[in-house]
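These notes are about the structure you will find just below.
Order as written gives the chain letters A, B, C and D; numbering starts at 1 within each chain.
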């Protein structure tokens, strides 16, 4: 991921190295990053990520909706970056991984194909964020799901109760520290269960005892 | 007119003939076991007589925790799981995920595989919309269209089964193309899973059959004045609500939002070579959503007829290492699933198992608009507008 | 005829005959609905029950329902809950007192036959209301209240349509009406076509059949007022619906299609052929109702009332005016 | 054409009456059986001589529904004094069809052609525990494996 340093306002493309072919996606991403006042942006694999600090989260969404016409609220979710992982494979270079929650919100244009993912990082201990419901009414359910799955508190959300899980459920399932029950209970059938040959082994053992280390 | 609160009179008509007393509204639980909730969805409705004053959809009865499951499975195993999210359009779910992984690995699928994927996706769309055409009139009380649509849907499912082996859950997509051979061993390796003999002829006759079925549905359902009475002006989703709530697919196109991801996402499937148009209605009500879907069946038939004549020759799958290790990276690919925009945000840390997969499904947002739309509706209208959204609980709860 | 038989014995004999005939015809109609409805939907319907063509399917259903547990929910109002099905069936059976089956074959030829007919047919409304209210669950309450509103709204067009027939025939007694049709050898359906349509639509609503089956709306109210019923009581309601179809078919046949009379048959031939002709006409009307049921959706409550008050009643009144003026002019 | 106000209702009646007199489409199952497509994934058949119990299918199965136990067997080499080679002999090869989701990963990943798909579907049981097919039942299914269908040219 090429992290571009934050650009100055007047020439958003300055950060792009000359060699890199300036695709329309990069132009759109750089322009959006400038408008939103983002820390940095990336546009590889055809997906635009715009990294924003936590306090600029709501007005980044507002500018994205009004100026960049990204009125369609696609989805909002989070990723739990943590060193030790109770389930699945750990992250790439674990030791210098910065433990954090990353909240992502994808906005796209209802008519064209322009779209972007606003990303902000929250420290693990105070996972709080302003709610986007005043900007997009559709965000309510997504934020409720994100809150119950990761334990992130969305301030200003009309009724932040659990969406999927029963109200009295403790724990946040999508956190990496939450073990997957099904795999704890059943032993893994995959370990090789091929015993040695009873017949040959005794023959060899018997042979070794009688003739010393002559065995086959 | 006069507001006499102390005796609980809310309204007195002009001639004093009818006096409306304030009765406390009844809480009516529609679901989770209810014939018209397409699965286990519970609607907690505050009802005044039969008019709904407040509606709170209560979901989660079908939550299987897909995103947690993807964190313990390799990419091939996830492929086998995701066609069960929206079990009515099985094949269409797989395409977006497999394209996302291909983008991450920088592998280009072969043209033949892409065109076969396109044909099978459109067949799945026809089978999904036919299921809608059978369950929507049933919500309104007409039982016969269900049997006609199901009978004609069997032809499409037979086609899917003859190619992929599975009617609902084909599990036919592989990174780099489609499933090349029946197995990994010496003999099974060269048993190619290409299109079976007589496939094109079968598709031709099935498409004529589907066309006749559309005409029959038009005569029996679309033209029927009673259905129009029940569905016109019911369950209005305005243009702004559709966008703000993230409503996508035929529901959004029924409210005038002209976006069809098949025209927008150019590198997903080779739709650019085929001519078809985007069906939109700006009636914003249940009837226009129904018209959009019937129109889309006809468009899909047109697409399939063009597609089977332009299937290029070539291998079924690109060169892919046997043990799949996806390089680190993030990508979001979205596809025009029959129920709406279905997208996969795959975060890979360079292993056999993805670090995080966020699954964006169409029905999740389509349902969230219900609490705003249902205020003031009668119970039969609520059932009609829920039916017109064509959602499936697996899609909503993941 | 046979006067020397004591009255009480005669009465029970008549009641038993009418009851048996009604239930047999109702069972045949249930089979008809299963088979015709199935073939309309390109499927086969009952096949294995009773050897060929599943003729014994209604009997099998009846036995199945009878051996089901006959529970009364705790929140239900016991006596009313238990009585409801019998009130409904009584309403439909009582109609057959006045229906002439043959020239002289009628239980009691009341001279205010038509009036009695309408009074009794609204009795089954009471049964439905009792069932809806007493089941003690929200859905059946809504179903019951809907049934009440619907049946009252459709009582009026029913009555007005019959008034037109009575004006045409000049008498209230049903055999008089049949003779009037026989005299002009023209069944009233021809001059009274508007009245016939109004009556047919209203009778569909009376019987809670699609497109007016709101009280029994499966996809909204999970079975409407019948949700809490099971076992014998459910069978009673189920039979009541089909018995109602038979009685409504008989009324329509008598009022509009010429009852037991058929063109070109002398009166004594009618004495034997009468019942058969009436049966055939009942089946024709029943087929019409079944055909409509398997084609149309349900309409909404307010639309249902709008059709009754804005369309059927004005139409029926207009029909009365036309009939009256023609009666005077001709 | 001028739209007669209630024409839609009568067209609907016309459609249903037409179907009434057409032949119904239902197939009377026990007497008449529709043959599924040759590629249909009905049941998995096992060929025990090919299986070397390499456990690949067990590991790749998403539902953990295959259980294998084997033991080593010596094969006396034909030349006198030649090296004694060992071979894995299957003791137990169960597939629990109560858990299996018919995804086909095991058949695809098996490197020795031991597993085949067969479109056989009539193996319903009354008890769910009977859905655990053991080795010889899986071998029985081998006869129902069809020839691969001809391909579109």
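Just so we're on the same page, a residue touches a chain if its C-beta (ideal position, glycine included) is under 8 Å from a C-beta of that chain, and two chains touch if they have at least 3 such contacts.
What you see is a predicted model; the values in this text were computed from it and never measured.
Asks: Using the contact definition stated above, find the chains touching both chain A and chain C.
Replies: The common neighbours are B, D.
Asks: Which chain wins if you rank chains by how close their C-alpha centre is to the centre of all protein C-alpha atoms?
Replies: B
Asks: Going by the average position of its CA atoms, which chain sits the greatest distance from chain C?
Replies: A
Asks: With chain centres defined as C-alpha means, what is the inter-centre distance between chain B and chain D in Å?
Replies: 28
Asks: Rounded to a whole Å, what is the gap between the Cα centroids of chain A and chain B?
Replies: Comparing mean C-alpha positions, chain B is 26 Å from chain A.
Asks: Distance between chain A and chain D based on Cα centroids, please, to the nearest Å.
Replies: 37
Asks: Whole-Å distance, chain B centre to chain C centre, using C-alpha means?
Replies: 44
Asks: Going by the contact rule already set, what residues in chain D reach two or more other chains?
Replies: Expected reply: 9, 12, 15-16, 19, 25.
Asks: Note the residues in chain A that touch 2 or more other chains, in rising order.
Replies: Nothing qualifies.
Asks: By residue number and range, which residues of chain C touch two or more other chains?
Replies: In chain C, the residues touching two or more other chains are 40-43, 294-296.
Asks: Applying that definition of touch, give me each pair of chains that meets it.
Replies: A-B, A-D, B-C, B-D, C-D
Asks: Spell out the part of chain A that touches chain B in their complex, as residue ranges.
Replies: These residues of chain A touch chain B: 1, 44-47, 49, 71-75, 77, 79-80, 87-92, 104, 106, 110-113, 117, 136-138, 140-141, 149, 162-166, 173-174, 176, 178, 180, 183.
Asks: If you look only at chain C, which of its residues touch chain D in the complex?
Replies: The touching residues are 36, 38-44, 47, 291-292, 294-296.
Asks: Where on chain A is chain D touching in the complex?
Replies: 186, 188-200, 216
Asks: Spell out the part of chain C that touches chain B in their complex, as residue ranges.
Replies: Within the complex, chain C contacts chain B at residues 40-43, 138, 142, 210-211, 213-214, 217-222, 294-303.
Asks: Once bound in the complex, which stretches of chain D touch chain C?
Replies: Contact set of chain D toward chain C: 9, 12-13, 15-17, 19-22, 24-26, 28.
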